[in-house]
Structure formats: C-alpha cells, structure tokens
Amino acid sequence: MALSREQLAQRVAQELQDGFYVNLGIGIPTLVANYVPEGIEVMLQSENGLLGMGQFPTDEEVDADLINAGKQTVTMATGASLFDSAESFAMIRGGHVDLTVLGAFEVDCQGNIASYMIPGKLIKGMGGAMDLVAGADNIIVTMTHASKHGESKLLAECTLPLTGKGCIKKVLTDLAFLEIKEGKFHLLERAPGVSVEEIVKLTAGELVVPNHVPEMQFPT
Amino acid sequence: MALSREQLAQRVAQELQDGFYVNLGIGIPTLVANYVPEGIEVMLQSENGLLGMGQFPTDEEVDADLINAGKQTVTMATGASLFDSAESFAMIRGGHVDLTVLGAFEVDCQGNIASYMIPGKLIKGMGGAMDLVAGADNIIVTMTHASKHGESKLLAECTLPLTGKGCIKKVLTDLAFLEIKEGKFHLLERAPGVSVEEIVKLTAGELVVPNHVPEMQFPT
Amino acid sequence: MSGFNKVVNSYEEAMSGLEDGMTLIAGGFGLCGIPENLIKEIKNKGTKNLTVVSNNCGTTNHGLGILLHDKQVKKMVASYVGENEEFERQMMSGELEVELTPQGTLAEKMRAAGAGIPAFFTATGYGTPVAEGKESREINGRHYILEESIKGDFAIVKAWKADTYGNLVFRKTARNFNPMAATAGKITVVEVEEIVQPGELDPDHIHTPGIYVDRVILGNFEKVIEQRTTRPSA
Amino acid sequence: MSGFNKVVNSYEEAMSGLEDGMTLIAGGFGLCGIPENLIKEIKNKGTKNLTVVSNNCGTTNHGLGILLHDKQVKKMVASYVGENEEFERQMMSGELEVELTPQGTLAEKMRAAGAGIPAFFTATGYGTPVAEGKESREINGRHYILEESIKGDFAIVKAWKADTYGNLVFRKTARNFNPMAATAGKITVVEVEEIVQPGELDPDHIHTPGIYVDRVILGNFEKVIEQRTTRPSA
C-alpha cells in the first residue's frame, strides 16, 4: 500500500533528533510536527521570521501578526524568537537549520529538484524553497513516486525548471525511502506491502536495489 | 592666526543642518558636538553601535557598556537607538549618514585621503575610517595645513597609504577652508588674519585662488 | 519643531513624490505586516508603470493585489505568485512582467541596497532559471551566483510603533521584510499602529533606527488573515 | 534535559575542542562587551598559533591582549591596533602577522560567513592597501572590491542575558560585533551575566536566536573601562 499523507509525515518524523532545528515546507511536511517522537524536542523554523513555531491557536489566541510560511495563523512555543526575513534566510542559507523537509514535482539521480513551476501550466513561485535547498545539508524531499498516470517523478534528469542543483540526498515517496549518491538512486526502504518490483517499475532514474530492502516500520 | 582646535570645531559646526545625522571622528571632530548652532538639532552616530550619542556621563552615570568609538564613556540622547556593528556600517556604507567629519595625515587634490598609517613609524589601523570615507557623500576633513616643519599636507598626490580614493571634497585646516574639485584645491575661506600668500606657500597641490577670499566668521 | 520629526498627517503627504515609472519596495509577507493604507493611497493616486518589489503581490482583493486591477504595476519582483489569481493571470498572459526571485535572495537584495553592498554571491538559485544571465563562480568548492542589490525610489513599510523620530518597533511575524525595505528606499514611508514620543521606546529594543525613515503616518489596519487556522479551545 | 539546553558549567567545558592553529572569532569593541573569562580560559589552556578575528586585540593587559604575551596568536585580523602597545610592537617587529581590515568590512565578513554569503562587493578600501590582491569592479559607475566572508572554528561572544536555549540579549554598546560573531563560529560559546528560563525573554526583543549558539556559560565580569570620561555632576 502506498503511504498515506500521515504515514509520510510519520516516517519523516523518525529522522528527527533531539535538539534539531527544523524547517517544514507547506503541505505534507507541515504534518511532521504532529509526529515528533516521545522524548525528543525539535524547534520549528518558519522562514517568514519565527523560530519555535507552536501549535495552531484557539479562536481566542488568533493573532493576524503571527503566521507561518503557509500564511496560517500559529502560536509560539516556549523559547521562541522572532526576526526579520534577512535574518531568517541567514539562518537557512548559512546552514544553521539541521533538517529541511519539502515537497517536489520531480527529483533526479543527480540530486536535482524541481518544485516551483510547470511552464505554461502553473507558476507558484519558489518562495523560500531555492534558499532552503541551497542552504541545507540535510534535506528530505517528500513526494509521490509517480503521477496518477504512472509516470515516474524520480528521473534520470528533471524535465521541469530546477529549484536546486545537486542538493538532494534523501527522498521519501509514498512507495519508498531512497538515498541519492554517486548519480544514482539507492533504495533504502519500501512502504509496507509495496514490492521492490513496483518501485523499480516506477523509478525512471537509475536505481540501485540491495539484496534486502526492509519495510518501513510504523508504531501501531 | 592659525585656528585653535576649538575654532576648527566651531567652523565645522557651521556646516550642520537641522535634522542631520552626523559621524564625528576621534579628536577635533569630537569637539564639534560642543558647538551645534542654536535652533539646530543633530544626532550623533557612533560607529560602535549608537545613534543619538549624548554628553559625557556624570560619575554616577558611568556605564562600562555605553561607550563611543573613541572608547570614552558616554550617555544616550533622547530618541537614541542601539544596534550591532553590521547595522552600524550598513548605515555608514549605505550613505545614510548626512555628514562625516574626520582627521587626516594628508589629502591630495584628487580627493584622496591618508589617515591610518605611516609605514615604519605608526600603525593605528583604519578602524571605521575607510568605511566612513567610502560611504559618505558629505565629508569634511579637519587637519593641520602643514607639519611643524612647514611641509604641506595638502598634496598633489598623497605619499602615505590611502584610507580612501577620490572621496574627499571638503577640507578644513587650521589655515583655510577648501573644496576639492576637478583635480584641484579651491580656496573658499581663510582663517582670520591668515594671508592668502601663506596658504599658497603651504599648499603643495594645485590651488585655485579666487579674487576675493573671505575670512572665516566666528561668533564672538 | 525638531528637524527629526518625521510624522506626516495625510496619506497624500505620505506618498507625495511617487511618480509613474518608479520602483517601489514594499514590506510584508502575504497580507501580514503590510502598509495597507499606503497601498490604498497609491491606488487612489493612480500612479502607473510601477516596478513593485515585494515578496508577494497581496491577494486578488487585498494588499498590493489592488494595484493589479487598474494595471498600475508594470513589473513585479517577488518570490511567490500562489494564492493570487489575478497576479498569476497577468503573469501567464504576459500583461505583467515578473522577475521571480528566491525569498532569501530578495530579502538580502533589499538589505544589501540599504547597506551599500551592490552585489553578493549566493548558492541560492545556482543551476536554476534564476541563474540565467548572472555570473557564477566556484568558491571553496561550492557554486554560487552573483546577485545585485535592489534599491527603491520609495519604500513603504508597516511597523507596530514608531516614535516621532522614526525609530521603529515591529510585532511578531509582521516584521518580515519591513526592516530591510525601510533601508532600501530613497524615500521611506512607514505606516504604524501607534506613534510615541522619543525616549519612550527602549533603545535596545528598536528594530529600525530612525535614520532610515523619512515619513511616519498613523494608520488604521484591517489585518486580513489569509489562512485562519485554529485548534479547538481546551 | 532538553536537547536545546546549551548551558555548560565550567570554562574548561566551554572551550573544549579549541585546538592549536584554529581560527577564533571574538565579539567586543575595545574592552566593551568582551567575553573576559573565555579569553582567560584560552590563556590558561595555552592554545597556540591561533588566528584571532576581532575588531581590536584588547589592551596590553586586558581582553585579547593577554593572549599576545605568551605568543598564542599567530595572526590577528582586526581594524584597529592603537591603544595596545604590545600589539603594535609585535606587528612592527613582524612577530605577529596582521591583516588590517576596515571595521565595517570586518563586521560584514562575519555576518556574511554566518549567512552563507561567501563574498560581497564593497566600496570600502577601493584604491587602498586593503584592495591589494582583491578583485575590483565598477558597478553603476562606482568602484568596488570583492571581500570574502570569514568563518571561525570557534566564536566567543559576550551577551547580557541568555535563556537556556541560547537566545541572547545584548546591552547598549556592548552589543557591537557580538551578534555577528555568534553566527560565524562552527562552535559558538557565549558568556553572559544572567541565565534565565526559556520564555522569560520577549521573543520580539531577542537579538540573537539560539540556533546560532552551542554553549552558554554564566560569568563574572570585571568590565574595565578604557577611557573613563565624565562631566561634573549638576
């Protein structure tokens, strides 16, 4: 079975370490905050100028001056700090964020990522994504492995305009957890019930498959 | 008579305008603060991180955490702000300071200034002077016109290592107030009782002397 | 009246001098921390052919988005188009020139302009469409591109409080691009929720010193929320 | 204990990992806002061949100056030598390598290192000895030189207050180079006058977010004044 959005978030959350400063992109990455493992504390960085993002506010707590990068109303966690956009991206560009999680349309086995536009169809803009992928050492891309029509999004070479070049090392799809190194995808784990064959079929870029590919583990 | 240190400061103070943000260098420039004309308000920028420098503290007010760029204890004027050194030099380099006053060993008629070292003899370091002369549009250099041995310090070409190139337009010496333009010194005013001949004799760089050179005026 | 008093009393005066074809830098992130009434004044003035530099262009009906209706904007420099249909439509149709700029690069371009730094190297955008036409260079084994600073004829800024000298304090994430925008305008106009006397703001807490600010005006803010997201009360 | 607790309880622990030949970035301006006891610990450790990056090198008997006595410093990157005879002596005699760097350029080099900007253009120093060996370029009719960022293996910082997460607040002009230094160290150690609990510092008033800080230690400060200058009491 392909992973649900919640399972994607849960699997990413397993990569968190105590004391990590983490930037979570819009969409599935945002859900990761709901699955921080017991005994671990992380601080969430929101690139519009907040380190230590808290949960959503109650109706009474809503403050138009306190939003996250997805423009949602939020609260501050204890020990939070506020700063301007230049400082925020100094943190990001300077490599001070321990983990960045973001979505993508395509990745390829050179570590390239495309996530901000589909020429002629869709232009969202890159927002902070180009800075995040260029600045972080530790990035996890969360995405669907293939389109609804079965076209792989893990390519030999991205077809869409790039968000970043040679910067992605870890990809979590709804089917598999993969590492990118030496110009190849390396299959690390498969989603529960998903066969290696299916993953191979839906991965267009060169894929290295070890003898044993463990299933992802989720707490029950 | 050559101007006293106080008169140099007084003459510079006549260039102040209401609402000016001013950086005063160490030495004679610092004295300018004592002669701000009636009805005019200026704010003093101290490049170590203070805008709105006040007078010296009383014994009771002395605070080791509040000093000026000359490392003297100071106070804050009403409406002062504090900031870090990067912000301070953003103001300076970005051209936000309205007037900069600083000393020099030599200037020349190309607008070059030398003020931070005499090879083999003296190395003070440039401190913030290189940033100040590069960042400001409106600079007044205060200096003695010649050495004790009668050697001009207003040269055709500086002999000492430069602090800045082509950035000086106004020079106030103990003998004269001069403008630098089109590769020449232009005599604007002479110190009371100082003859044009004496100024000509002590100016090594090309000097343009108009028919009438007014004496500087000082309040009595 | 002190030469440092920056307070103006009408929006007309606040935006006087803004002319067709000028470059306008605006603070704000989405609809958070935007100078709402300065933007409305620009709409009322009908100034045309503006180049607007701002992370977003508001939404279709709020913030900078209202300048798109009457085609007041010739060119937009922004990082994000999403959530503004009119912006996307004018961009796709070619009516509006758009220079998509990464968010951190945009913030740094504004800061650099204010700080007298004409250009800087950044890894952001290397190997992407953003790098086209720009110098790239390898430094210590990494690839970077050269980005130029971006200065505005006008900067419009939203702060929480100002004193009459133009010292500014921002509130929470409404700070965002505002401090950099304030430094990057030849003329910087700030709209605030409260004006206090000099000396009332703690000098250690001032985010933007008044040296960057030319005009301050007291405004009433609507503060539209784009994504009101809540959890149940306990 | 939280993964974000940065507090250490001994100077030995605070400076552990500092080794011969490393680059050390230090906050402070003259003797104002210097991490006094972190410097003393380096003297006690006897670490040698250091490259020290700081606006000044203290005075002969205080601050970083105490590292000059035992020749612990191989190279000094600073803007100002004056008022420290031993510094000047070692520089003139060639015992100490010195890279004189304009004060604003030095501050920006530290900030750039922390902000992932490897190099930037500045007009400061163009046409002077500072420009030697550096690229220069004309941009929009002005001349600039290219300056590279400067990163430290260690940064030592003095703040007024910290919370246990390493969020910092500075006081008056003791702020100076400290916030930039804090961002520029691979390991950043901060000595403070007071440690408070997370949540006690107003998030809007924090000058340096804890993300830049690795270790915090509570210190006792002598705060030597270089130029005590007073006016008569009224």
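A, B, C and D are the chain letters, set down in written order, and residue numbers restart from 1 in every chain.
Methods note: a contact is a pair of C-beta atoms (placed from the backbone, for glycine too) under 8 Å apart; a residue touches a chain by one contact, two chains touch by 3 or more.
All of these numbers come straight from a predicted model, not from anything done at the bench.
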{"item": "Mutual neighbours - chains that touch chain B and chain C alike", "value": "D"}
{"item": "Farthest chain relative to chain C (centres taken as mean CA coordinates)", "value": "B"}
{"item": "Computed distance of Cα centres, chain B from chain A, in Å", "value": "55"}
{"item": "Whole-Å separation of chain centres (CA-atom averages), chain B against chain D", "value": "28"}
{"item": "Chain C and chain D: spacing of chain centres that average the CA atoms, whole Å", "value": "32"}
{"item": "Intercentroid distance (Cα basis), chain D paired with chain A, Å", "value": "36"}
{"item": "Multi-chain contact sites of chain B, meaning residues that touch two or more partners", "value": "76, 82-83, 86, 89, 92-93, 134-135"}
{"item": "Per-residue overlap in chain C, given as positions that touch at least 2 other chains", "value": "108, 111, 115-117, 122-123, 170-172, 175, 203-204"}
{"item": "Pairwise touch network: line, ring, star, complete, or other", "value": "other"}
{"item": "In contact (per the touch rule at the top): chain pairs", "value": "A-C, A-D, B-C, B-D, C-D"}
{"item": "Chain D - residues contacting chain A, complex", "value": "2-4, 111, 113-117, 163, 165, 167, 183, 198-199, 203-204, 206, 209-212"}
{"item": "Chain D residues within the chain B interface of the complex", "value": "29-33, 55, 78-83, 88, 91-92, 100, 102-108, 110-111, 122-130, 143, 160, 170-180, 207, 223-234"}
{"item": "Interfacial residue positions of chain B with respect to chain D in the complex", "value": "46-50, 55-68, 70-74, 76, 82-86, 88-89, 92-93, 112, 116, 123-131, 134-135, 161-166"}
{"item": "Contacting residues of chain A [partner chain D, same complex]", "value": "17-21, 40-43, 45, 51-52, 76, 78-83, 86-87, 89-97, 134-135"}
{"item": "Complex contact set, residues of chain D against chain C", "value": "108, 112, 115-123, 139-140, 142, 144, 148, 169-172, 175, 203-205"}
